[in-house]
Amino acid sequence: MPPASFAPSLEVSGLAYAYPDGHQALFGVDLSIERGERVALLGPNGAGKTTLVLHLNGILEAGAGSVAVAGLPVGKENLAEIRRKVGIVFQDPDDQLFMPTVREDVAFGPAAAGLRGAELAERVTEALERVGMAGFADRPPHHLSFGQRRRVAVATVLAMRPEILVLDEPSSNLDPASRRELADILRSLEVTVLMVTHDLPYALELCPRSVVLSGGVLVADGSTQELLCDEELMRGHRLELPFGFDPRSVSLPV
Amino acid sequence: MHVPDGFINAPVSAATGALAATAVAVSLRGARRELAGTGQGGGGAERTAPLAGLVAAFIFAVQMLNFPVAAGTSGHLLGGALAAILVGPYTGVLCVSVVLLMQGVLFADGGLTALGVNITDMAIVTTVVAYALFRGLVKVLPRRRRSVTVASFVAALVSVPAAAVAFTGMYALGGTADVSIGKVFTAMVGVHVLIGMGEAVITALTVGAVMAVRPDLVYGARGLARPLELRTSPLTAPASAPASAPAPAAAAEPVPATAAKPVTPTPAAAPRRSVRKVWLAGLAAALVCAGGISYYASASPDGLEKVAHDQGIDKNTKKHATEDSPLAGYSVKDIGNARLAGGLAGVIGVGATLAVGTGVFVVLRRRKAEGAAPAAGVAGERA
Amino acid sequence: MGAGHAHKLYRHGHSPVHALPPHCKIAAVFCFVLIVVSTPREAVWAFGLYAVLIAAVAGVARIPAGFLLKRLLIEVPFVAFAVLMPFVAEGPRVQVGWLSLSVSGLWGAWNILAKGTLGVAASVLLASTTELRELLLGLQRLRMPPLLVQIASFMIRYGDVITDEMRRMRIARLSRGFEARGVRHWGVLAKSAGALFIRSYERGERVHLAMVSRGYTGTMPVLSDAAAGRAQWTRAALLPLSALAVCLLGWTL
């Protein structure tokens, strides 16, 4: 096994997968993400984005090919370790926040990994502070606003100190203010990010690099700005920019 | 029907408590099997808690869905039969028990010492009777969607009076009130046949609605969906599979391919006749029950009407004081109308039972005929 | 329900009753109800003493009488049953004014009314001084199977979410001009119920994925395990012990 510090955060090679009903969703995906990179995974509905994400922490088992996280191959024997390293934030925060209070929910991951006592409490506080939700620890999730719930959902994953943070449609259903707050939080994190999204301006704002998944294969990989400017590529894969948005005119935050 | 403390004496309460605990323990094991699904992430015991929890929350919520009857009265689902058919008998027992436990502890609805009585009656008897009947009927009837609806109807119809009979049994063993068993039996069963009619219609319609969209989620009909799997045929090219037919929509679901076994198709003439047979049997059963009511009604009109009245209230009113929470539906409904239900039992029992029964079957038949074709297309879209 | 709306059931406070560990309270209430149920119904005064005990606990917990009484309404159907009993029960009858009532029926009615009311009152006290979350932890410490506790927790967590979904469906129906008025509309309502089931089940599957993604393997990590001390058990035992004394007196006198 290569030393973890030199291995890329995520290494997917030749990944193919068919559902038990025979429907094949992935046809050989190669993707490598270096440490600290923020990458957007773009693609139309049904492109296989969710299927790919579920392979990253071993919920689905690769039919062919392999996935490795920080040099550790994803497989039955090290599932617990992999699930600690890969933090997935699902689209609906109500699915993610299943515990009675925010504190317990954030503690769930690290506690399942065996942490207890002061160390656990420290992890929880730290994760909640990073998303600006430290004052809400004892609140039931049902009483938070949608944006707050999304941020707590990010904290539940941060508490596990993941190698890579995977976000499924992080900006969906957020009002503009919550959207910006979440972007600020994500930018402030020093962690590898893979962001699955339809929200192209958000991808441009947050991720220097993008990959396009369409029909179960990666069809493009490059700078987000260049990809968004490639009209033919965009049209060919049902990716559309919002009205009045011109990726060329945007000056990117550094 | 939530029995309070002090209604059934201590020994019988304790015995039913032990019975309930055993049944729940057995169900915990059984539910793992039932819920170990075919979906993403594999099966295993760790699916049990979230799925059973969500199903329990569903039952809790659906008990608040009001079904208007007439003149301002409304009924609601008890859910035992529905749970058994949708998620299987073990999970059904488990979920209804959890709902009862929470109702007892949080809302004081049903006594703490009567928890065993309540679980035995409403979770175990209802669910087990409903599921046994349902499976039996599904086996006997032709392998069709409508059979599932008919089986659900009969299962729910019988399960409610069955619970009433069980309650009478417990009352006979340990009732603290000095009312003759005959009176309790008549009143309980009489009223619950009527309630069962409502339960049956709602259950059958709901199961039908789920069958139309996600037949794979109807536990009781799983055996029914599998023979429709067409994928293993060596002649079929992968691309042509979705176009094969509207009926095997279930095949699009992630069902393990190993289950695909060729099954000899049932001759087309046989189904119609056996549906009719069951239909007639159901009507006969309703007639016998209804006949029983009218007999007792004429024998002791006073007592019946009153006890029935009271039982009717119990059925139609769910009350506690948490207004404007999502539980507001779990609140007082007009008590006066229950008198209507009680009176109905004695006076027009036979007529109503027959009329409703016939009406339901007519409606169901038509609805099924209309609904079958468009519904099948939807299911194929998933994934 | 859900912890968020628990304030309807739960009254926040800092009384000695609130401070007791939940499992002590559950055990105490259960024993109390058990003792009440096994008291002979002829000992009318004993039930008065029980009521005094309950009132005392409510006083210590600073639960207003109005709140307690309103929650007692849950009992109404069985009050109705009890009221009917003297009319339908067997045995010798007494003439009260122009009514002919059964003696044993009167006793039966009294029995159900007294015991049922005390049982409900005790449960209401428990629910109004203990948070939902605490109640579940209490049940777990009383050796209720962890899986059952998990299922109950999920039911409570998602009860609100699903009720909200049901409400949104109703508003959607109303917005399209549909209002259920009678039996002929049941089909539409049942379709809603079916859709609600599918949504609930699918949510369950998604919750499972989210849990597995964070390392769930079938058992919940135990986060707080505050065992109750002897002093707390003793304080909790005050209620059932005094009830037991009353009960024994009831049997012997």
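Worth pointing out:
Per-chain residue numbering starts at 1, and chain names A, B and C are given in the order in which the chains are listed.
Throughout what follows, a contact is a pair of C-beta atoms (placed from the backbone, for glycine too) under 8 Å apart; a residue touches a chain by one contact, two chains touch by 3 or more.
Each chain and its UniProt protein: B = PDGLE domain-containing protein; C = Cobalt ABC transporter permease.
Fair warning: this is a prediction, and the values are worked out from it, not measured in the lab.
Summed over C-beta pairs in contact, the chain pair with the top total is B-C. The chain with its CA mean position farthest from that of chain C is A.
Taking the mean of each chain's C-alpha atoms, the chain whose centre lies closest to the overall C-alpha mean is B. Taking each chain's centre as the mean of its C-alpha atoms, chain A lies 42 Å from chain B. Averaged C-alpha coordinates give centres for chain B and chain C that are 24 Å from one another. Inter-chain centre distance (chain A to chain C, centres taken as mean C-alpha positions): 43 Å.
The set of chain A residues that touch two or more partner chains comprises 54, 59, 98.
For chain C, residues touching at least two other chains, in rising order: 2, 132, 153-154, 156-158, 160-161, 203, 207, 209, 211-212, 216-217. Touching of two or more other chains is recorded for residues 40-41, 50 of chain B. Touching chain B in their complex are the following residues of chain C: 1-2, 5, 8-9, 26, 29-30, 33-34, 36-38, 41, 70-71, 73-78, 80-81, 84-85, 87-91, 102, 104-105, 107-109, 111-112, 114-116, 118-120, 122-124, 126-127, 132, 135, 139, 145, 147-148, 150-167, 180-183, 185-187, 189-198, 200-201, 203-205, 207-209, 211-212, 216-218. For chain A in complex with chain C, the residues that touch the partner chain are 54, 57, 59, 80, 83-84, 86-88, 90, 92, 94-96, 98-101, 104, 107-109, 111-113, 120, 140-143, 156-157, 160.
Looking at the complex, you find that chain C touches chain A at residues 2-4, 132-133, 136, 153-154, 156-158, 160-161, 203, 206-207, 209-217, 221, 223. Across the complex, chain B meets chain C through its residues 4-7, 9-10, 13, 24-25, 28, 37, 39-41, 44-58, 60-62, 64-70, 77, 86-87, 94-95, 98-99, 101-102, 104-109, 111-114, 176-180, 183, 201-202, 205-210, 212-214, 217, 302-303, 306-307, 309-311, 313-314, 317, 319-323, 325-327, 332, 335, 363, 367.
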